[in-house]
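Both complexes below contain subunit A, partnered by subunit B and then by subunit C.
Right after this comes the complex of A and B.
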């Protein structure tokens, strides 16, 4: 079994791709048009926002801090801040939106990194306080982009924008996955992060600035959520307190499905991409076969437990206890 | 040594102090807060969250998480209302409780026997159960015409049946947790699973039993809430999700397992409900409640984190040299 233990690092997340291939085959069988590039791109675009948020959450999970449950609040915050500052132009609005989201990430990172507060409960707290603050600051109303201005017009078409036939959101997702993979595998930060995630105390004793690492992962998570939130606001053509709902648990689902284990320090971004694609493909294939949304939820839940359970079981069989 | 213990005492008793503080503040802020009618309403609302909070505390005492409790509550409520017209309240409640118990058993088996991380297993069952609930009710709110049970539950002022049930359940489970072999074994398993196993405890059976209890209590809570409202909505459990998680942690139960207090959880539920109740009496909106709730939670979590963090830092050093 030791031979199988030595899988190349980039292959570690490959398990999920067998499911992705199976789902693509199932899709090709159920509908002849499924394999056309535009319909495949459509499938990816459906989950691109989930993917963008998941790249951020993957860092948190990878660092051994389970999940960032403030993702929905951060998405809503950056979305509404961006929409309501469109009067200063598109780029400043996007920057402001991202800055607002990252500010939440900094708070999360400082509290969890320095005081070792439990990440699940602390991010729940910032999520509650965050959505309260949004409602208070925008007096319980939604913000609509004004389509009279150039920036407003540009903003509402942002989500549907295509570059050389590829949706902008898919490009953003690809860029974030690539950047995330580079950060994880090729940089000093990635190596330190891996050590922190695998064994926090060892990392601390070795002289890794674990507080800085934890701060960084929550900032990265908030950054990714902000980008996703701005695009989501563009899709909905409004900014509101509720728009990120559900992204907290679905992004963890995608991350864990992609082979980043909750124990920390294992998996990679390509795996996360696989997890996101698998979720998108499940939805598309089931819809093609006339399965209702509610049954899709049931199937997704069963698949999630089976896939993660099996991979944990296989890992244990190989002597790696990272369930 | 006294200082080392201070953190622990803080974790245990802070919530009671805060409960008193919240009651004092609210009676000043909202004059009608202390009236018998309002106290009765407050107790009745709070009592609906108590049963799931007990279940969540037990699971946390074991060092595990049960995220599925909120959707199991919804399921319990749905089944109670859905089956009542054909089989009467007794049959309906029995069916709801049996389903809750069944889902709890599945969770328990997944965690104990299949060794799936409890975060993942219950995230999966959460998705499955929510899908099943939506299929069952077709996304609609279910109602019944039988007002008898509602009147029975709503009778009395301060000592209404749901309040009595909540108090009785809390006292019984606190005694079970702190005074019986089962409860102490549970806390030992949560604190140090390996040690518990080596002492000869049947940790797997314990885990399954605790998850089954959690499912049962969640379904019972949902059933009670549905009977009190004589209707069930597809998202009814979600109101409890954040409140219960926050209350249990704030109440003094450690997320690492092994240290649990059910009375603390109940006090925290009452405290969080009192904040919402008092602020709404004052005529303040949802956003203020979210902010105040978030702020109170933030202060408490921060204070706990600081206390534990200090204790961690002092471990193995001379406490008198710090400060």
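Right after this comes the complex of A and C.
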């Protein structure tokens, strides 16, 4: 490749930000109030939970395992476990919620890492099993936080909490993106993950513990989904079997839109943030222009098909070149 | 083919090449790796929609831009890399796209097996047509591929390195078939790195260099040295090992690695040998003798059933490749593209990939920390271009192979197992790789060399272990060992004293 194709490693996948800028301009044209800081922060907050889930899924995609379709089930499970555990206090409840979600990730990671199960099929299986577990363990498949207790009161306002004027969820998203970027670029785990994502066999024949890598990415994905699921339960003031619906495909769209290709080993978290912001901005701009929520779903579906389809096509072409 | 050109992003792979092959002619296509041979024949086989120049068949202009267009013009190609579907049977692979049918829809199994058996018999194979291709050994699969190409009754047959996975008997049989088809008027384009094959089978030879035609010669009127000169554009100085081990390697001195009674059920058993520092030991054996399996088990990639391994006198347990590496034992795989290099990563990332555990403090990764190691290796092996951020796929095959060697040299191995270190590599790269191997031995590493390239094995090794059907059947000393001697030993005819 010639020099003009090259960008600094941390800028890789920055093309998404040109789309973000275009969408911001479109928003400014659609509504005069759009550029106000609180309105922009609101847009970010709308997609903060998507972003939190997407940072986890990005690890799975980056490792060459396409996607984690158990994300909605993990979000629902962690949310409902957290809500049901509030009687022991807010912090223990959050920890239990995360633990429940991460347990699903461990199962995913062990099965896919050791048995080389197809990640799409297998995470679909755990998604179904997770939903079944919730329906079996919780009456009505729902749990409401009791606002009589201090923990319950604290839980229902968690989503709307602000620190120095910035929504808590936005801060969590920023922390996850920063931590994810650090893991990918600055750690040996990230270097091994990149080799594994670029070529699983080569990584194995270089002495990388590829099973451990696969376990780690599915645990990271489940951890991120759990955090998102607990915040989503706080927003809904309810833990329920259905609350993570749609986060699977939308997070893959954001991840791939952000430059983490389905072929693996490419992209980074700053790109993923761009992909998440682009999806949030598209929603906002469509709303400002009076497009109904139903039609927004159609637009997101089409976006998924275009973005993921193109990436899959390119991955296949690269696969052929590698052969 | 007149004035054929094909560009890739950043390079011109083939630049205005004229090439012709006559009826009943075998025309060899020679050149170093990256000279454009494979690209040129891929144009003819319909692999590209966009190229410059013109193709004429029987004097008429033929517009070949898809594989199916090539097929209608009677062009068949045997690929360097196997293109069979591993889960389907031999018969299904052979007759793909033209399965015999009964009553319009049903596949006629009997006719299918009959036709397959007939085609297999032409290449001297006696296989159950229902065997899944995935169960075949590499050389059997290669023969099936050849039989399949012949089955389409081509008028022009392209063979890209057809013998790289074949044993000598298979090659002799293949040449017999080619001679017969030649008499029937088949035109053959033959790509090979093995010059002796070219002299045995080809009528004319075209030499490509850097994407351009360097010349066309009648084979009968040229010499191997002349053709090599045309390929590389300079005279070569081959690395040659002085007699006896260098670096003071005398027998009876301290041993580096000792393996006793190694075995893995179904692959090899009762294998014992020793390696001394500074010694290069050639492991020779036919395809399927268990050489690669032995190497993989020794390095912890596959489980080792029985036996003990000691390194510098201390017994070691190697359960994984990471264990092996931490003991200074490295393995260069024979399969560069699938297992050796991540082609989408940069040259630097690949060369330093085995050093990740030591790059930076604790869990922190410092990407540029070993750049000095990288620069030294790239310079020593003359990898071109030496740009650390070059994507590895864009390197020629020879330079990729050098990068793979560099990746393992970077670990400063005490014991290095090399499995086909120069497969499919041009003479220039080969000389540099040999030079590096000798230098490593000179620095005191013990090297176990697996190679089907007998001249290479003889040129580099201090002594030879002969493996056959999963057992070590003999040991030959360097003095007085010839290619013929090694081949006979590998075939179990005369085992050396042991």
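Some observations on this one:
Just so we're on the same page, the second predicted complex is superposed on the first by the 290 of 323 C-alpha atoms of A that agree within 3 Å, B and C clash if a C-alpha of one lies under 4 Å from a C-alpha of the other, contacts with A are read in each partner's own complex, and residues count from 1 in each chain.
Here is the rule we go by: contacts are C-beta pairs under 8 Å (C-beta built on N, C-alpha and C of every residue); 3 or more make two chains touch, one makes a residue touch a chain.
Bear in mind the structure is a predicted one, so any value in this text is a computation, not a measurement.
Touch counts on subunit A: comparing subunit C and subunit B, the chain ahead is B.
Contacts of A:304 after superposition on the shared chain: subunit B is touched, whereas subunit C is not. Contact with neither subunit B nor subunit C is seen for A:288 once the two complexes are overlaid on the shared chain. Of the two partner chains, subunit C is the only one touched by A:201; subunit B is not.
Judged by the touch definition given at the top, the superposed model places A:129 against subunit B, while subunit C stays out of reach. In the superposed model, A:189 lies in contact with subunit C only, and not with subunit B.
In the overlay built on the shared chain, the residue A:121 is in contact with subunit B alone; subunit C does not reach it. Contact with neither subunit B nor subunit C is seen for A:178 once the two complexes are overlaid on the shared chain.
Contacts of A:262 after superposition: subunit B is touched, whereas subunit C is not reached.
Comparing which residues of subunit A touch subunit B with which touch subunit C, the overlap comprises 323. On the subunit C side of its complex with subunit A, the touching residues are 9-10, 81, 301, 320-322, 324-325, 331, 333, 337-345, 349, 353-354, 356-357, 359-360, 363-365, 367, 389-391, 393-394, 407.
Those residues of subunit A that touch subunit C in the complex are listed here as 1-2, 5-6, 185-192, 194-195, 198-199, 201-209, 263, 265-266, 318, 321-323.
Listing the residues of subunit A that touch subunit B in their complex gives 66, 111, 115-118, 120-122, 124-126, 128-133, 135-136, 140, 249, 252-253, 256, 261-262, 292-298, 300-302, 304-305, 308-309, 312-313, 316, 323. Within the complex formed with subunit A, the subunit B residues making contact are 67, 110, 114-117, 119-121, 123-132, 134-135, 139, 242, 245-246, 249, 255, 285-295, 297-298, 301-302, 304-306, 308-309, 312.
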